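There are structures below to look over.
You will see two complexes here that share chain A, one where it goes with chain B and one where it goes with chain C.
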Partner chain A sequence: MATTGNNNLNAKLVLLGDMGAGKSSLVLRFVKGQFLEFQESTIGAAFFSQTLAVNDATVKFEIWDTAGQERYHSLAPMYYRGAAAAIIVYDITSTESFTRAKKWVQELQKQGNPSMVMAFAGNKADLEEKRKVTAEEARLYAEENGLFFMETSAKNATNVNDVFYEIARRLPRAQPSQNPAGMVLVDRPADRSQAAKCCS
Partner chain B sequence: MFGTRDMSHEFQPIMQYYRPSIHTRRANIVVKFQDLYGFTVEGNVDDVNILNEVREKVRQQGRVWWALEASKGANWYLQPQTPPLSEGISAASRKLSALANTIALKRLIRKGIPPILRPKVWFSVSGAAKKRSTVPESYYDDLIKAVDGKVTPATKQIDHDLPRTFPGHPWLDTPQGHASLRRVLVGYSFRDCHVGYCQGLNYVAALLLLVMKTEEEAFWMLAVLLENVLVNDCYTDNLSGCHVEQRVFKDLLVKKCTRIAAHLEAMEFDVSLVTTEWFLCLFSKSLPSEMKEDELLMASQVGDVLSILHRTTHHLYDPDDLLTVAFDKTGSMTTNTITKQRKKQEPAVMAELDQRLRRLNSLKMDDKSPVSPRE
Partner chain C sequence: MGPAEDLFFTVYKLPIYSPWLLVSYSSTTTFYVSKSYLIMDVEYDVIVLGTGLKECILSGLLSVDGLKVLHMDRNDYYGGESSSLNLVQLWKRFRGDNKPPEQLGSSKEYNVDMIPKFMMANGALVRVLIHTDVTKYLNFKAVDGSFVYNKSKIYKVPATDVEALKSPLMGLFEKRRARKFFIYVQDYEDNDPKSHEGLDLTKVKARDIISKYGLDDNTVDFIGHALALHIDDSYLDEPALDFIKRMKLYAESLARFEGGSPYIYPLYGLGELPQAFARLSAVYGGTYMLNKPECKVEFDANGKAFGVTSEGETAKCKKVVCDPSYLPDKVKKVGKVARAICIMSHPIPETSESHSVQVILPQKQLGRKSDMYLFCCSYTHNVAPKGKYIAFVSTEAETDQPEAELKPGIELLGPVDEIFYEIYDRYEPINNHDEDHCFISEASFLSFLYYYVSYDGTTHFESTVQDVLAMYSKITGKVLDLSVDLSAASAAAEE
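What follows is the complex of A and B.
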């Protein structure tokens, strides 16, 4: 849940979606500005944090990037419990991932925190030639369900930061700010890279 | 250190204050190198020194193993596949010597198996050798031939994960590495269709390939782990075994590390958020070492807890540190205790998962949308 202290907000954010939809890549792009063609598959979930300044407040996101394989579904409640925001990710080149994403939306609507800010992200927008899910269809679905929708590309950075800014802007605050413009990214040293290590 | 024991106690806080600054200076020099299994390790000068000490210890251990091979025979530690049928004194003395070997072996293993002997010792001690001996010699080759070219949901997911398993590793991330890992995982997905493929196994199988050197032995190690060593249903369907393990772990944490457990509880931090990965990858991606109790107790934010845990799980250079925690600090914990704990937690897990399933089914009925294809 989002907790406030002066103008600083801590917000738990969870990413959900089918395996390979690009959840980890979106986070990596947002947190470190990087993109890896082959991102290590996430097991359980991975944690990241990133702070954004929106208007005169800062939002510190505590991001849980979850594993996408269907059988990991039973672990998900532990990650979305108490989350202030969620990004439900699908891959625009996969109708299966779109179906999966809709199921996540349903589950969050029933089980999640009622004031949760939900973003619906159609990732891999750079793969236009392989597109299977139209932006119109997704937008309509998002509107019907009260989510905000964006097509993103972690690969070429399209709309990635924007999704997080929009969430930060929409998070409920103790003292809502009146001036809507002007968002600044707070400079923060990048976390040490997570090198693969072996137990030997 | 200064010769007066009482003084040193008084000086301690100051010492601790100064030591990090020296450490920080040295820590600035980052050294990159490959470890025994080809993983790139990054560390500072102190880490390199520790690693060199560990290497020397392993070399010394190697000499102990060779000496034992010389006196007891090359395969003294291999477990007999069927107990020899004999009578009287010879049987009793054989039993006794087998017992002595078992005790000696346990002690030796805890001091480290020389890397070159690991494939043989792991294969035997894990029970993989016994498992393979129950099927025809050609089992693995036949299986791989039989499943070649078949496409299933599991094979699709495996293909998706091959380049995402320890990417950048000098062997795993090559066409040969991918092909080997694929055969092991695809082969296993057909051997046990309840498991099929579960993410996490890619890391386990990859590490087994690196240690065991041959695909077939890696395959049998994977089989014995899933079928005999680990708790049931760790990787199937709804990961119920994994849920059981998490509950057991949390229960033990409360008993063994009361202060940490209470502190995390007060922060409303569910430790499973982090430990699930440890268990599902069998510690191949992260291996916790020291407990860092003081640091954890100081942490007041989730992010701080996670960065402490991340640091300790990605910074193990001396395996003896882990063994000290496991056997000296944590105290006695037998397999029996853990088995009992698992039995105790099973019903609660089953009830919870069942309830969840019913809730999700009611969601589906609300939606009236067709059920999407299962993975």
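What follows is the complex of A and C.
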């Protein structure tokens, strides 16, 4: 869930979609401005954070990329837990990836929190000549299911930042957080006053 | 063809919906391989069965080490016996077909641990969490209170010289003696002989140091059981070093977050821990398959495990790690636990309205052979809906009547909305892993309340974490370096 402090929001964002749809590439483009032609299947790093300024506030995204647990339907509930936003990614050159993306949407509607902001991203939009999924079809599906839709290209940087900005814009500002958030244990010197405040 | 690792393969990624992988061999030949063949028929370094906490920590550590790990569970959820249940799951387990009453609130808001434990804020588990960086997946909150039962009443556990002077647990003169002892413990440093006061704690018994300070039996009872967290009195005849270090750990943990106790507990319950380690393992390439029925370990003619069969397919491996339920012939029963799980609408009385609390009832106070524990957690840790509390009463069972046996603990809770009683067995492995290549975690129960890595790097307690670290060393032949600077480790508050 997004948590607020003054004008700062912390929001957990999860990525879902087929292997090879470009989830990690979208994150890499957004966080580092890079693109790798031969992006490895995600191993080793699946947690990023990035801060965006939108209008009156800053939004710090905690981005959870999937790590292979989804491959055999073994994604842990903790992955969805408290997620304020999700990007469901498919590859416009593959109808199968589109079918799978729709399955993920269903899964999220079942498991996730009801106020979650969901984006539907048709990635690899630069590969127009190989397109198998029309933008119209995807837009229609997204509208029916209350998602917002964009076609993206991690390669050309088309619409990548836009997806994240749009999510940041749509995040409810004053989340009725059930509880003040807990603390994250870190390996650095204590800021006593803060630590004491958080857990009193 | 020789063993697979002697060859140089490149695997090209095809979309997940493709049942094939494109593989090139020595950059001259390419061929397609069935994915199911690769998943089940490649040789894994380790197959882990069961997603309990110990199994998941190991799976995470081994994957980070670069070992090829396949992790399976017969259930369709993570955690096995250490998962957290929602209300519907809880009812299914204890009340069969009945539906939970509506006034208890939404089922989804319950996360009831099956093995509830608080974590020592400065303990070894916290070190493992920081060392592996899984802390980023978890949110913790300090536990409000730590209490001890003494002469039919509940008292806050005093942990420092200042608190000793204030504690109604002791009379005037005893307070002063206790204060001196606490100061000795606080000042004790391994590498500062001056602080030892001429005592070699690796030789002097705990009993002797206690009599040097003239502490009475009542004081020894709460210090030994509620502060040093010994489960019986055998420590009195052991070298005093462990005892002193456990006390120090308690005090240091208490100071760490300036809460009312030395304990911390994850939001949403302990069931989050196995999931976090499973994610770590997956991030480092571990393969996860839940809902795999059977999971039968296969042995060769010499009794050495070589694979695991599920749904007619055998995955090969060099070693198997599992909990006792996957290899029932290789474990023996070592005891049983009696416990009660209660849902309440108020905190435990006499605990200063603590929304999360531990109360220890030392054996002698109850005329028992083993201590009894009260554990209470609530909506403040997101384990129950607003206004609800989950309490556990547990002990090593000495009879077959949990209701009668747990009565002294239950009486301290006040009225409860619901109560479930249970008795279950504890197991220990009896196999030889050198022969069968199976590594069985010690019991389905986990305890990791108060372990520490001593300053010279050796561990002192038999514990979940130590068990895991020992298994890690047996499997890899390496010692895990946990020398995170805990004095510098702290908590980032989330605003």
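Criterion: the second predicted complex is superposed on the first by the 165 of 200 C-alpha atoms of A that agree within 3 Å, B and C clash if a C-alpha of one lies under 4 Å from a C-alpha of the other, contacts with A are read in each partner's own complex, and residues count from 1 in each chain.
Everything that follows uses one rule, which is that contacts are C-beta pairs under 8 Å (C-beta built on N, C-alpha and C of every residue); 3 or more make two chains touch, one makes a residue touch a chain.
A quick note: this is a predicted structure, and the numbers were derived from the prediction, not measured.
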- Task: Have a look at where A:67 lands relative to chain B and chain C in the superposition and call it first, second, both or neither.
- Result: both
### Query
Touching A:106, do we find chain B (first), chain C (second), both, or neither?
first
Does chain B (first) or chain C (second) touch A:36, or do both, or does neither?
first
Exercise for review: Identify the partner contact of A:115: answer first if only chain B is touched, second if only chain C is, both if each is, neither if none is.
Suggested key: neither
Mind working out whether A:94 is in touch with chain B, chain C, both or neither, as first, second, both or neither?
second
Who does A:78 touch here: chain B (first), chain C (second), both, or neither? both
Notebook entry, point to check: So, A:8: does it touch chain B (first), chain C (second), both, or neither?
Noted result: second
Intersected contact list for chain A, partners chain B and chain C 10, 19-20, 41-47, 67, 69, 71-74, 77-79, 81, 96, 100, 194-200
In the complex, the residues of chain A that touch chain B are 10, 12, 19-20, 36, 38-47, 49, 60, 62, 64, 67, 69-75, 77-79, 81-82, 96, 99-100, 102-103, 106-107, 110-111, 194-200
Within the complex, chain A is touched by chain C residues 13-17, 77-78, 126, 129-130, 135-142, 256-259, 266-268, 272, 275-276, 278-279, 282-291, 379-382, 386, 484-485, 488-495
The answer for chain A against chain C in the complex is residues 3, 5-6, 8, 10, 18-20, 41-47, 67-69, 71-74, 76-79, 81, 91, 94, 96-97, 100, 178-179, 181-192, 194-200
Within the complex, chain A is touched by chain B residues 35-37, 39-42, 115, 157, 160-161, 163-169, 198-200, 202-203, 207, 210, 235-240, 242-243, 268, 270, 272-274, 276-277, 280-281, 283-287, 301-303, 306, 310, 314, 316, 319, 353, 356, 359-360, 363, 366-367, 369, 372-375
